[in-house]
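The data blocks that follow each hold one structure.
Both complexes shown next keep chain A, but they swap its partner, so chain B is in the first and chain C is in the second.
Let's turn to the complex of A and B:
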């Protein structure tokens, strides 16, 4: 009994119910100043906790991949590259932020400028091109899948899908003559059919968020529990 | 859990009926803990309740004698009806002398071993004891008739019971119905004859015989206290005895039933119960000193002498004192009567009875003596017990003559009274008046080969009973226990006789009945596949190397992939590198112009919050859109504040703004998703007049809109969104809302180009528009060009299938 009180009810009360109700009513009743201040304070705490969660994730990645490298598991070389890239991207900005003075190491201005631009250089000339390449590969894969859709199934829905793809792609091209009607059809598809579907999706998402929050409040759902 | 045989539902162990259907559940064997009495599964080594050991741990015996059978059945999985240790101890404990409350006590004495007559572990020792107890108890329990004048049907039984009862109790012996099975009596009697004389008794491996022998022998030898069971019983019995025993003492041996006992006919001194008063035959039976539990015969005490004198084995009963039933047995003409099985058994039992005087051996008994090996003149030869074992040759010389004569040979089992077969035709008929009817009917089918008869004619008249084979099988045999392997590891360490699982598995024979199943090849192939899957070891699938994966791809598929890639690359790169090759595509018209107008309405110095919510993957498209908006904002001379909730957002913003060479205020990165947005909106001071959101994710757009209107509390700043073309459907509801939650949106590269055109600037969006258009056209061509052939091929394959 006592254990359940400590493990379950106290955390729920002080970390779930009270903060959730304070933030909720803080937004519902913004005129109550103390409640608004309490709300803002809790939001700041959540941001701080999120920052530490990000740091925790970073350390966990280092730990996992470091174990792979140490035990020479399959794919340990890729883990090594990841760790090196992480350190290379993280250390220079860290030194830049902290300053090398606190280490007592005299650094020239050029070196400091280089440290300041290292991470940006990596981002500009390594990360960004790689990301763009992945996006392009996605386009290639979608084209290949659309091209073979008839081989897997030949039905009305496959035909409708294919026609829609063609209309939307061609409608995105600004044609000045001859195919303006294609642009109109595309706009109708986007504004009517697609928008209606997205509306329903957004409403469902909003309702789901509300229900999930209520379930957490009434202890019907315990994402924080081990059971 | 016990599964119901009817509905297969699970029930708690110990349930007698199924909870679902009420079907009686089969009783399952279990092991009962000797400590707490809890029932445990058969395979348990330790009790589930009290952790007591259920299976005894047997240590390695140093000598064969130390090898003892386990208390619990050594056969794994077999659960015999368990008896609590206390009860078992009680049953196995030697009762105190003089306590004959239970009929089994006197027998159990010998079983447990004041007199250790064991020569080795017996196979059916306990069973024999139980069997002996059974028939003995039966003997004792039945209401006896007068010992001498009992029913004609069971005169010998009564005689047996008499001496037995006399041994135990002072009451007049009761006639006990002789059990149908004479084997047990005959067994121990025969065993008495077979064992060596130097054994303490007529030492046979069977406990029964030895114990019974030990009884009277111990009485003779041991200078025990008066409370000695046998002696007291004998003396007590003697006091009240008026039966054939006393009668036999002074009578001739004609009516005696102890022909095997060498009488003192030629050795009168043998009956003198002095120091050398122990008869020769008894002396010969005296065990060697040093045999445990056996005492050398000592000078009989006077009371012993009296007991011996009056013991039933003194064949000195006068003919006149012989009971009628016994007299009826005695042949008038002296011709040995055909010995009935029970009679022979009685004779066997009487083998250990004190020797009768030479003159007291009845003729009929003498006639039963074997032809060979006549021990002494006048010594009646006991009829050859039909199912006594052969005397060991090593000990043959030491055994008394009468005992030697009782050496068994391989003979046919005697005929039981209830199984009397047709009489042997060759046997001479006995006068009807001489024998009772029941005795006349007990004629053996086949006369034994060796008949202990003095005269061949007398032998022929004897009806030898045949012991059925099943009775012979019940005879305890000394069998060497098979060598049992000792378990040296595992839970059964220290146990012997553990059945190896291979033995059990090998016993399982496959069904030889053919299965008449008609199945097509497809079914058989599926069955074979299933069997292969089941039989194969479950292993995680090993990742195929890349080359192996490539080998799985056909040449046509590879060619198609290369074709698509080359087409797209050539078209886009060519358009970008050589824009003059294609005619310029006119920029679209910005419609609606709401985003432009919104930014255009800003005044110089107003704060604009610019949010970068995209990463490197979307940067190619989003950078073009962002540049158009940022350029316009910079043209309006507003104060830019840059914030992001993505870790890489700061780097993206820095790259873009570096190219734009603009001044801005960096709020920075705020983690937490929605909470970060709220934090940014709270920190953005002064309150921004415009919020420009650059994102390629629908969720981020939604968060910003929601938080903006929440933080704004009625006066939210206008929101202009720069979105990827994929988010065009997601922006529609916000744009179509009333009032619109988005003041304007710039969606995709085409609208960015239109925005630039509206500004009169030719930026990246305009330059990439041609490549975008050509790429779209190529994709459409590839899709249409490949879908139609694939449709035709796929239709053919489906038809084939």
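Let's turn to the complex of A and C:
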């Protein structure tokens, strides 16, 4: 009885129901100052907890890829590069935020500036270009997927999908040689068909979200403890 | 104050319908659910993974437990819970990738509990759940690499994704491993529709619990969704007609 109270009801009451209601009513009743202050404080706590989760994520990456390297699994070299890159990215800001007094050795202001420049350099010249390259690659995978459509599904919907894609793409080109009418069809597809479809989809998703959230509130859904 | 009244009315309505349906379902026997191929095929893929000595890759996306995608992530965790039980029973543990570290301990706990329920806790390996990258494109690239692994027999993409999910799907197609998906955003749906046959779209993701377990609590939630949808459709139609005739 006591065990169930501690394991089941106390987490539910203090970590789900009360914070949930405070945050919900904090948004619904913005005029009540103490409630909105309490809401903001709880949202801040959530952000702090999520920062700790990042530390867990970091350790997880080290654990998984460290094991790959130790056991010389296929692709272990890439794991090694990943771990080294991660440490290289992580160490300069960590030194900076720790006050740059590592193992009792004070670090000069020049070194401070160098560490700040290094992390900014890594961000500007490694992370951002790599992200942009992957985003560019995405365009090719989307086109490839469209070309492969008949492999995944051979039906009338696939034909409609492909024809719509072609019309919308052609309609986006500023033609001046008699194909201007495609622009009107493109606009109609986007403004009427696509918008109506997306709204219907989002309304369905919103209902699903409400029902699932309510299941969490009434303890029917417990991703955090024994079921 | 109108916002508050509307929210309380909606929540009360959902609670009343849900509680009524749970009580009703306990007395009745079976309720039919429209089969969704993405979830139906998941159990088949779990048994196939066991036969071939591999495992299913479950990509949970970039949703977190505190942002706007929190509920989508919780719905994705339902699928993971049902799949973990199957996979542990077949001795084919899944590889789970997450793009937000708040999902990491929850996913690890779900897998651990599946082992605990089968009395095989000594075989649990926390490294089966992997944090890949916090940025959506970086996550998709990393998860795509996992999807192309030698021991992966199928990939399930479920949770909060955008168009970058195409990178994971492309990896599955290139390595000829079956891919299943359940996503809610229009960008992810349009990216996956041409690439994947077994695709659960939009609200179908929230039907996963009912599809995979058939438990009363999930069935009640599903029927509540349907009832609310009917009410919403009728309201939209009535308001449209009223506006057309100048009554509203």
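The working rule: the second predicted complex is superposed on the first by the 158 of 227 C-alpha atoms of A that agree within 3 Å, B and C clash if a C-alpha of one lies under 4 Å from a C-alpha of the other, contacts with A are read in each partner's own complex, and residues count from 1 in each chain.
We take it that contacts are C-beta pairs under 8 Å (C-beta built on N, C-alpha and C of every residue); 3 or more make two chains touch, one makes a residue touch a chain.
If you're wondering where the values come from, they're calculated on a predicted model, not measured in any experiment.
A.B. asks: If we overlay the two complexes on their shared chain A, which of chain B and chain C does A:33 touch? Say first, second, both or neither.
C.D. replies: Neither partner.
A.B. asks: Looking at the overlay, what does A:212 touch: chain B (first), chain C (second), both, or neither?
C.D. replies: A:212: touches chain C, not chain B.
A.B. asks: Between chain B (first) and chain C (second), which, if any, makes contact with A:156: first, second, both or neither?
C.D. replies: Once the two structures are laid over each other on A, A:156 reaches no partner at all.
A.B. asks: Which partner does A:123 reach: the first (chain B), the second (chain C), both, or neither?
C.D. replies: first
A.B. asks: Which partner does A:56 contact after superposing on A: first (chain B), second (chain C), both, neither?
C.D. replies: A:56: touches chain C, not chain B.
A.B. asks: Look at A:67 in the shared chain and tell me whether it touches chain B only, chain C only, both, or neither; answer first, second, both or neither.
C.D. replies: After superposing on A, A:67 lies in contact with chain C but is clear of chain B.
A.B. asks: Is A:204 touching the first partner chain B, the second partner chain C, both, or neither of them?
C.D. replies: second
A.B. asks: Now for A:169: first (chain B), second (chain C), both, or neither, which partner does it touch?
C.D. replies: So A:169 only meets chain B here.
A.B. asks: Considering only the touch criterion stated at the top, classify A:146 as touching first (chain B), second (chain C), both, or neither.
C.D. replies: both
A.B. asks: Between chain B and chain C, which residues of chain A are contacted by each of them?
C.D. replies: The answer is residues 46-47, 49-50, 53-54, 130-131, 134-135, 144, 146, 148-149, 151-153, 162, 197-198, 202, 205 of chain A.
A.B. asks: Going by the contact rule set out above, which residues of chain A touch chain C in the complex?
C.D. replies: Interface residues on chain A, with respect to chain C: 24-25, 28-29, 46-47, 49-50, 53-54, 56-57, 60-61, 63-64, 67, 74, 130-131, 134-135, 137-138, 141-142, 144-146, 148-149, 151-153, 158, 161-162, 197-198, 201-205, 207-216, 218, 220-221, 223-224, 226-227.
A.B. asks: Under the definition above, what is the set of chain C residues touching chain A in their complex?
C.D. replies: Going through chain C, the ones touching chain A are 3-4, 7, 10-11, 14-15, 18, 64-66, 71-72, 74-75, 77-78, 81, 100-102, 104-106, 109-110, 113, 126-127, 129-131, 134-135, 137-138, 140-141, 150, 163-164, 166-167, 169-170, 173, 184, 186, 189, 191-197, 201-203, 205-207, 217, 221-222, 224-225, 228-229, 232.
A.B. asks: Residue numbers of chain B touching chain A in their complex, please.
C.D. replies: So the residues of chain B touching chain A come out as 560-561, 564-565, 568, 585-588, 615-620, 647-648, 651-652, 654-655, 670-673, 675-676, 678-679, 682, 702, 710, 713, 725, 728-730, 732-733, 736, 748, 750, 753-754, 769, 772-773, 776-777, 779-780, 782-788, 790-791, 793-795.
A.B. asks: Which positions of chain A touch chain B when the two form their complex?
C.D. replies: Going by the criterion above, the answer is residues 27, 30, 40, 43-44, 46-47, 49-51, 53-54, 119-120, 123-124, 127-132, 134-135, 139-140, 143-144, 146-154, 162, 165-166, 169-170, 172-174, 176, 190-191, 194-195, 197-199, 202, 205.
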